[in-house]
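Next, two complexes with chain A in common: one pairs it with chain B, the other with chain C.
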Partner chain A sequence: MTESTAVQSNEAASFAQKSASQTFNRLLKYTAVRLVTLFVTVVIGVYLTILIANMGGYVDQILKGEIRQGISTAVSMDPALRELSVEQRSEMIADRIRIEEERLGLNRPFAIRSLTYLWNALRLEFGRAMNMTSDSGSRLVKNIILERLPSTLVLFGLSNLALFFTSVFLALALSRHYGSFIDKAVVALSPTSAAPPWFYGIFLILIFAALLRWLPFGGMVAAPPPDNPFEYALSLMRHMILPASSLILSSIFLSIYNWRTFFLIYSSEDYVEMAKAKGLNSRDIERRYILRPTLPTIITSFALLLIGLWGGAIITETVFNWPGLGRTVFRAIGQYDTPVIVASTIIFAYLLAVTVFLLDFIYALVDPRVKVGGN
Partner chain B sequence: MKNFLRFLSEIVQYPSAIVGVTIITLMIAIGVYAMVSIPYDEAVRLWRGGEDVWYQNPRNAAPSWFNYFTPKKLPETILITSFEEENPVLRKELAEKTILPREAGGDEIILTYTFEYDYDEFPKDLIIYFRSRYNEKLPFVAVRWYTPDEREIRVADMSIQARQTYRIVQDQRLVRRLRGLSPEIGLFADPESETPVPLKGTYKMVIEGLTFEQASNIDAEFVLHGQLHGWAGTDHLRRDLTVALLWGIPIALAFGLVASLGTGVATMIIAAIGVWFGGWVDDLIQRITEINLVLPFLSILIMVGTFYSRSIWVILGFTILLSIFTGAIKSYRAIFMQVRESTYIEAARAYGASDGRIIFRYLIPRIIPLLIPGLVIGIPAFVFLEAALAFLGLGDPVLPTWGKIINDAQFNGALYNGFYYWIVQPAVLLMLTGLAFSSLGFALDRIFNPRLRGM
Partner chain C sequence: MAEKNLLTIKDLVLYFRTSKGAVKAVDKVNFELGFREAVVVLGESGCGKTSLAKALLRLLPRNVEAYSGSIVLDGLDTMALNDEEYRQQIRWVRMSLVPQAAMNSLNPVLRVGDQVAEPMMVHHGVKKEEALEQAKKMFQHVGVPADFLTRYAFELSGGMRQRVAIAMSLVTAPSLIVLDEPTSALDVLTQANIFNVLKRIKKELEISFILITHDIATSSELADRVAVMYAGQIIESSDAMGFFTEPLHPYSQMLMASVPRLRGDKEPIFITGQPPSLLNPPTGCRFADRCPQRFGKCDQEPPVFEKEGRLVKCWLYE
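Up next is the complex of A and B:
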């Protein structure tokens, strides 16, 4: 009898152990497969961007032409070289062109160069930009990007966070007062989000900068920038009002509308009715029965919002003359500066991959129905 | 038919949808009118034309509807000519022309330009374009100006060549004769008034020409550049913005519709194929979608515009290509997964329908109602995308579009200089287009999407 119980408990223990190790194995396998697929995705995506940034060798032709022209002009305009004979001069031009092409790596075939770009990018070794320099004079792509990152983050970070939390909380409130006047107004105003932020930006500049002269047309701080940090912050805030309002204005109504509809769908579930029937107070219902099941969606869109900050917004930054990352990338494209374009792309790709990877685990944490690697 | 009627009776319950449909219909009508009245080649010629096409227009003139809102009436452009042009851009009035033969050979030619001036401000510019025909001896003209209070002002006496432009405002001798007043003020100012105010009434300009040869001739075109011009005003290159505003409609609509429809239909077909065949096809589609999420959409379009081609159709193609494999493919996939299990699909399979038949006849038609609202809501995004690219200076090099007007305006400091009409007009049109499609789309979404009904 005792023997058999011992055997039984032994079996149970080994079974539990087996299932635990099975779960662990499953998790490990899932994680590995997921990581590999995400990595392959990033590699292909970045390599495609590198190919596009070169336009099938077309950009090489442009760059070579520019080098040739620039150096020929420089040599023929240089008074110190006027003494040289024509042969000597043309030799000098050829020499300088060769050096410049070597510096930019144009002497190697693009197929090899593109792989170097890819390999360096994947190791986050961005190297030097081709033509661009940071404002402090550095040629390192890292410095060019890091220099602009704060200005992008302060504007887009603050306004997007404000937008996100305002719309979620207002939507929650509206879903409680469904059918009220404000609710109807939000529904009616939601089509205004068809226009992008830069478009509202133009109107805001027109009204508040051009007509009323209350706020600056653009830029990030007053020129010259104030030395006193407090005044600097004040000037920054003043310059941020218009771009931030245009970002918020262009999507607030649609965002509230979407969240509100989303919450409404969840608050018409049977278990919410049940909770109401039990007489739970509305705070508890909201927290436990509506917010809890919608949490994965809220977290996903919040995470995507955070990584969406990378890169800023090219056009909004252009309208407001905001010195952010978007304009840096735009400038890089205009100057055929592949290293900068690739760096910006790979960072976004990594951020996206990591977020997508983590979201799976976060889902499993907040939603008991979800099992990592389960079917 | 019955379904359609039911749909109609539902949609009239949404006022926003009715407003949207009205605006869209109006836009289509105006767009068709624009394409008929200004053919494509003509629009391109006008938009790319320089001073030779647009010399009759003032620079940066506000639209003529300003006069309905201002207490002071601002002058509009006046054109009077003594010759007919081959393809005139603007309607002109004809000047009176009398020819008196002279005994010594040649003619005396008198051109009379009469016009009403009932405005409270002075014009921007006064120009006479002479055209003459002669062999050796240059014709001679004397230009006289008669004000409503019957003063006579000597403007100029000069010999003219075959084509000669006389800018009255820049004539320093005339400035001296007008006691230092710039001619556009001096020729119109009321002598009784302390501050310069234009004298209203009928003005007359007479050009007395003398030719000295047989078959010699003089013609002249008088251009008074007003402060207002046309329905939409003009830009820094004297181009009439009406052309671009009108032609912007068909371009914006075509770009938005084609991009949205192309993207939507392609996404749907690819999602259906993936779901139906499953296995590696489905996997491949999923992977491509993930890769596409990594690609920087706007940056790639900018690269295409910068490196390759700025043609609106090339950009359109890339836009569609990059927009097919997005999140939408996943939501279509989820719906197709459900539809695939339906009994009618099983029945189709049982009678031996081919894969293609099942996909195109049974799977896809089921979700078209879900597709339509998404298509309509998607249109504004593409319309604004085109405007955004144009705003960055990557607009189509030949076609006039709204985004290009905004780009020109921004680039030339329209907001700093107070040329608000330049930005506001295309912007309002863009906004109307966006609002019309999105409010219609939202209404359609509620009609076709039963879960949203009553919310």
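Up next is the complex of A and C:
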């Protein structure tokens, strides 16, 4: 009797062990497959960006033309070279063009160069920009981008976080007061989000900077920047009020409307009514019966919002003269500065891939119905 | 005056607002229920049975047009309570609910044990361990293995979920449980199982039931009394023995005759026509249009007549 129980418990233990190792194997396999597929996606995306940013190689022609023209003009205008004969001069021009083309790598065929770009990009070796320099004079793409990153994050990060949490919590409150005056007002105001942030920005500048003279027109800090870090922060805050308000103002109503509708759908679930019947207070109902089951959606939205900060907003930055990433990339596109464009894209691609990868595991953590790698 | 009834409902009204006008889902319902008694509320779909359950538990949708009457439960006038008092004193303390669709009435992302234990923690302020202990006891009562406490709803079969829902309704030991079609989504074997569970609980825990169903055959097992609902009103209310052997109201008679029987040559009879719209119910007897025994007086609304201690709303018993 005892023996058979022992055998049984042994069997049970080995079974548990087996299932644990099975789970581990399944996880491992899933992770590997997922990583490979995501990596392939990133490679394809980045290669397409390289092709597009170079206009399939046509940018080479443009650059070659620019080099040819620039050097011919420079040589023919240089008074020191007046003495040379026409042949000598054209030889000199050809020579300089060759050197410049070699410097930029334009002497090799584009098909091969695109692969080098890809390889470098995937290793996050962004190299040097073609023409652009960072504000401190560096030609390294890394410096050009890193220099703009803090200013982008501080403005868009803060305003988007504020926007996200305000709208989720206001929406939750509204969904419980469906049909109230505020609810109707929010719904009625939601079309205001059709206008982009810079549109509101222009009006805010007009009112608060031009007419009332309360706040600065644009820029990130006062000129010259205060030395004291506290005053610097204060000045930064003052400069952030208008751009942040325009960013929030332009999407708050639509965002609340969205989340409110979302929460309304989930508050009509039977288990929410059941929770109400059970006499739970409304805070517990909101927390455990509405927010908890919808957590995967909220987390997804939040994660995508975070990586969406990468890139900034071109026109809003321009309107407020804000030194953000959006303007940098915009300038890079205008100047065919492919290394900068590619760098910005690959960082976004990696961020997206990592987020998607992590989200799968987060889902499995917050929702018991989701099993990583399960069918 | 000592209260002899657990529950007394007088003139309970619940109207819903729609674009076409008010839907009179529960229209002046009167109703009494004693201690340790099970009453079955019978009726076909759309006659206001579920609305009655909602009105009892004050689980009102947003489009309520009218909600009035008096509900006295355990000597406490519930209609006089505000929402917060109602939540603290009635919900799951005196009255609990087993919902119609137990499939969706469990939160998919919380363990069922926690959900069953939750009302204990909310209403009796006990610690989680204690509440779970109580939940475990209730699981035993309804025949769910104790290790199911840590499972999630999606890991349970339909029958098990319904048992969990019943365990949940029992956990705070309320004096009244409203069962809103607790078995209508289950197969016959599971239905029989659940009814056995309910019968046992009624004996062991001395709880009163309001069982709302359209299933005459299975409900007869549990009923002490029967109330028949038609078009938002209770048209007959009587003891179970009397009702199942000799229903009084023509509608009840036809309802009983519609139950198929294995033996006997009687064909099951169906009632022709549809119940009247609850938007504009007829002014007279609401069943008159479909009634084979109608006569002149049926154009006026019948009062409730008493016959041998049974109540029936029909002119035939004047």
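One rule holds for everything that comes next: the second predicted complex is superposed on the first by the 363 of 375 C-alpha atoms of A that agree within 3 Å, B and C clash if a C-alpha of one lies under 4 Å from a C-alpha of the other, contacts with A are read in each partner's own complex, and residues count from 1 in each chain.
Methods note: a contact is a pair of C-beta atoms (placed from the backbone, for glycine too) under 8 Å apart; a residue touches a chain by one contact, two chains touch by 3 or more.
As the structure is a computational prediction, the values presented were derived from the model and not from experiment.
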First, second, both or neither for A:P293, with chain B first and chain C second: second
First (chain B), second (chain C), both or neither touched by A:G127: neither
Touching partner for A:I333 - first (chain B), second (chain C), both, neither: first
Contacts of A:P191 with chain B and chain C, given as first, second, both or neither: first
Superposition-derived comparison: chain B or chain C, residues of chain A touched: B
First, second, both or neither for A:V59, with chain B first and chain C second: first
Intersection of chain A interface sets (partners chain B, chain C): 178
Residue ranges of chain B in contact with chain A within the complex: 16, 287, 290-296, 298-300, 302-304, 306-308, 377, 380-381, 384, 387-388, 391-392, 406, 410, 415-416, 418, 420, 423-424, 427, 430-431, 434-435, 437-439, 441-442, 451-452, 455
For the chain A and chain B complex, residues of the former touching the latter: 37-38, 41-42, 44-46, 48-49, 52-53, 55, 58-59, 62, 178, 188, 190-196, 198-199, 202-203, 205-206, 209-211, 217, 261, 264-265, 311, 314-315, 318-319, 329-330, 333-334, 336, 341, 344-345, 348-349, 352-353
Residue ranges of chain C touching chain A (in the complex, touch as defined): 57, 59, 62, 87-88, 90-93, 96-97, 99, 101, 104-110, 118-119, 122-123, 152, 154, 168
For the chain A and chain C complex, residues of the former touching the latter: 178-179, 269-271, 273-281, 284, 288-289, 292-293, 295, 366-369
